[in-house]
Amino acid sequence: MSNVLAVLEQRDGTLRKVSLEVVTGARRLADALGGTVDALVLASGPVQGADQAAACGADTITTATHAGFARYSPEGSARVIAERARSGGYGAVVLAATATGKDLAPRVAARLGAAFASEVTGMGVEGGTVIATRPVLAGKAQLKVKVTGTPVVVSLRPNVFTPVQNPKAGAAQSVAVPGDAGRVVVQEIKAAPAGSLDVAEAAIVVSGGRGLKEPANFALIEKLVQAFGGRAALGASRAVVDAGWRPHGDQVGQTGKTVSPSLYIAVGISGAIQHLAGMRTAKCIVAINKDKDAPIFKVADYGIVGDLFEIVPKLTEEIGKLHG
Amino acid sequence: MTAKFQGIDFYSMDGLLSEEERAVRDTVRSWVDDHLMPVIGECYIEGRFPKQLIPQMAELGLFGANLPEEYGCAGLNNVAYGLIMQELERGDSGVRSFASVQGGLVMYPIYAFGSDEQKKQWLPQLASGKLIGCFGLTEPDFGSNPGGMITVAKETKTGWVLNGAKMWITNGSTAGLAIVWAKTGSLDDQSSIRGFIVPTDSRGFTAKDQKGKLSLRASDTSELVLQDVQVGKDALLPKSGGLKSPLMCLTQARYGIAWGAIGAAMACFDEAVSYAKNRVMFGKPIGGFQIQQARLAEMLTEITKAQLLCLQLGRLKDAGTMTPQQVSLAKRNNVDMACECAREARRLLGANGILAEYQSMRHLANLESVYTYEGTHDVHTLVLGQEITGLSAFN
Amino acid sequence: MKIAVCIKRVADSETRAKVAADGKSLDEAGVKFILNPYDEFAVEEALKRKEAAGTGEVVVIAVGAASSQETIRTALAMGADRGVLLQADAGTADPLAVARVLAAELKDGGYDLILFGKMAIDDYHQAIGPMTAQLLDLPCVTAITTLTIAGTTGTAEREIEGGVEVVTFPLPAVLTADKGLNEPRYPALKGIMAAKKKPLEVKPVQLAATGGAGLEVLAMSLPPDRKEGRIVGEGAAAVAELVRLLREEAKVL
């Protein structure tokens, strides 16, 4: 019997959607291990939407409060989570491999002397031990790893563990945390342009490449992204990031981000191997390119050959109609 | 077209290179991919040398790389030097020509024939790229026969006065310094040929770009005219004497060119292979058809042979036993095979092969100059013929 | 400024992945090994800071097999002063085991900064930097894209979803570098020659999972090939059909 601690994420006092993926993953583990899912979120006060964790399978939801937890506090969070994991005798601690999670999870693991599997895309239990699948080599291969010890720490790749309705009690409580928040302080968050969704978390990614001919033409991609009504993010090939057309945060593939959206639309991207590595786990890939022999068509589920300057605006129009 | 170049190494020659040699090659290879490849197509069409890259090339240590550290050079062995030339020419022959001239034809003669003062005064500036040099040997009427030159240097009370004209001079119009070869005695006395360090801002010295080139377009090629150019006594390279001196310089440059040609061939082969695998015609990639496979097999064979040839040549040079005739064999073979590779790659690429977006035709055009300069293919044939038979077929 | 940079020798990401005979690791035949690209940002940052301070030392430390010496020499060629190889059997899956040997090596070094690349491009753990910091009880900021230091306080920026965090921390500290922090220099040819003469100490270490906790690789596999796709049509005329297929067949809209 092993309980699972699911670490949720909030921003500006509201639960981040990716947290529901964490609960879903934790639920799967807990059911296999025969235990409960206890959700934990760190904040400076009540977290709006935290109760949604119950619908995905959290038996309890604890909000740990501290004035210093309004924004992410690396040292304070690691301390609180590790103490909770230890004192609660948890078998597993599950986090999301978001920017915050990627920073936090290893700290928790080191504090606990625990085995840590990061950016997991699959998880199960065999003979009472957690078995995880995680991508390596820029997504060109995957490893099946046995994660041993008590507890184990696991971070989940965003957008893979689709939230599943599995309502549990979700008994809520709030606990004030003593001590200080730590030496590393997030002073502020500089906002990116309004409404922009991170490429690594979006369900839909539209990426542009050299076929756009010049940086100003990325406006075409931006319009298509907007047409999806907030569900899509903008990505870029390495070639255009290196050419300075887009910031490196937009880069998909190789030393950029690896993404797993439901829908990936590659516009004016030839499909050189280093780009493909970053997006080949997308559920559905669409390619738009003027060259019918471009390698991208080999991995695309659907392709349109032709002038992207005519096709993309038409696609934007059609998508816009759907999302009214 | 922005994938990084991975090299061609069919016979695992990397294992024959030392760690430093590989590290040197990898640095230049990366630099060429990051900084030269993005601009070279445009530069070639516009007919200009990418001057903005000179400071980076200097900082990497590409100029006079095989000259000693005390002069601000990298002090590399000759195999490493060859690998630098190979990787530069994998980018473009014109850019490799720049480095060949700066290192092998300007810095080398100062190093080999200059006084200690001259070496200290000029070599660090040339290594740092702050000063650019050119090599004035070839004349309008004297190409394959440099010994017939009519540029003369007459001794004066304060130094020398030079008169003459040189042609096909790489870097001529951008150089601050020219190594000029001139006869100090009568016109039929080859032994009177001496080398002079001539600042290009000297009165009477003019350099004019040669226009209308269809080859080596990303390189400055100029005519030099010397009209009563006065230089001081310290301009003479004291240890120079006879045709042997400029020919020793040419041997240095030709050695680098033998390696460079491999680079050009590798670039064309790499492009051809990639194209052959991706271009679909009659329902399958063209790489699956016999004629294209024959082309590629031929290219790979010639490249592999040339690589082994150069590696041994480099080891001989490092051992101090390399002969000019051995360099002739390598330059002649490698440039010829590179010309073939470029042409066959161009043909494999079909219509796309005539576009500047692809490399092969640019290399094809460049290599025609490389075939001709630094001793034409035919001249090297006669060098070998003489070496083999002991009989001169030159005249 | 005394700065340590922890680096790793990794397979070039341009490599085609093939699984080795043991079914668990990468087939190394024909694979090119390089200095982990994210570590290049860390090395460059260390060199820049030492150059700006005018004095100091940059030490590069790698955990790996003997072949990692070549990678250390790449960093030395870039300008680092000396290198340390903590020699251990290559191929451990466990980041905590590596963090432990690094922490033991770094503990008494008196470093003002300990830098890492944010992750290795072969295993993607993104863990060893913060784990090492935790073991040394040092402040740590991960995946930084800018860094300023004033006296003994540092300020760094890091990207998060939809924004940038501005983070302050006291020195000494552990930082992991992300792309964009700087433009790494090439190992200059003179540097490559000089690297041979710089000190490189080799210390054998044991990498062991302690307390029965650890990661064990059971298998490595290549992702399943995607099913063959199809060209829906040409030009703007094909858009309507594409949208229909995305809705009705792929069900992603």
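We call the chains A, B and C, going by the order they appear; numbering starts again at 1 in every chain.
FYI, contacts are C-beta pairs under 8 Å (C-beta built on N, C-alpha and C of every residue); 3 or more make two chains touch, one makes a residue touch a chain.
Keep in mind that this is a model prediction, so the values were computed, not measured.
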Check: Highest contact-pair count belongs to which two chains?
Finding: A-C
Check: Quick one: which chain's Cα centre is the longest way from subunit A's?
Finding: B
Notebook entry, point to check: In terms of Cα-based centroids, which chain occupies the most central position?
Noted result: C
Checklist line | Distance from subunit B to subunit A - Cα centre to Cα centre, in angstrom | finding: 53
Item checked: subunit B and subunit C, separation of their C-alpha mean positions in angstrom -> 39
Next item on the list: Report, in whole Å, the distance between the mean C-alpha point of subunit A and the mean C-alpha point of subunit C.
Entry: 20
Next item on the list: Please list all residues of subunit C that touch 2 or more other chains.
Entry: 14
Next item on the list: Among the residues of subunit B, pick out those that touch two or more other chains and give their numbers.
Entry: 3
Next item on the list: Can you tell me which residues of subunit A touch two or more of the remaining chains?
Entry: 273-274
Item checked: Touch list for subunit A against partner subunit B, complex -> 210, 238-239, 242-243, 270, 272-274, 293-295
Checklist line | Complex contacts: residues of subunit C adjacent to subunit A | finding: 11, 13-17, 19, 24, 26, 37-38, 93-96, 99, 121-135, 139-143, 155, 157-170, 179-180, 209-223, 226-227, 229-236, 238-240, 242-243, 245-247, 250, 252-253
Notebook entry, point to check: What residues of subunit B sit close enough to touch subunit C in their complex?
Noted result: 3-4, 6, 19-20, 23-24, 27, 30-31, 59-62, 65, 69, 73-76, 80, 84
Notebook entry, point to check: Which bits of subunit A are touching subunit C when the two form their complex?
Noted result: 71-72, 74-75, 78, 98-100, 102-103, 105-107, 109-111, 113-119, 131, 134-150, 152, 182-192, 196-198, 200-201, 204, 247-249, 251, 254-256, 262-263, 273-274, 277, 280-281, 283-286, 292, 297-307, 310-311, 313-315, 318-319, 322
Margin query: Which residues of subunit C touch subunit B once you look at their complex with the stated criterion?
Written below: 14, 32, 70, 73-74, 77, 186-190, 192-193, 196
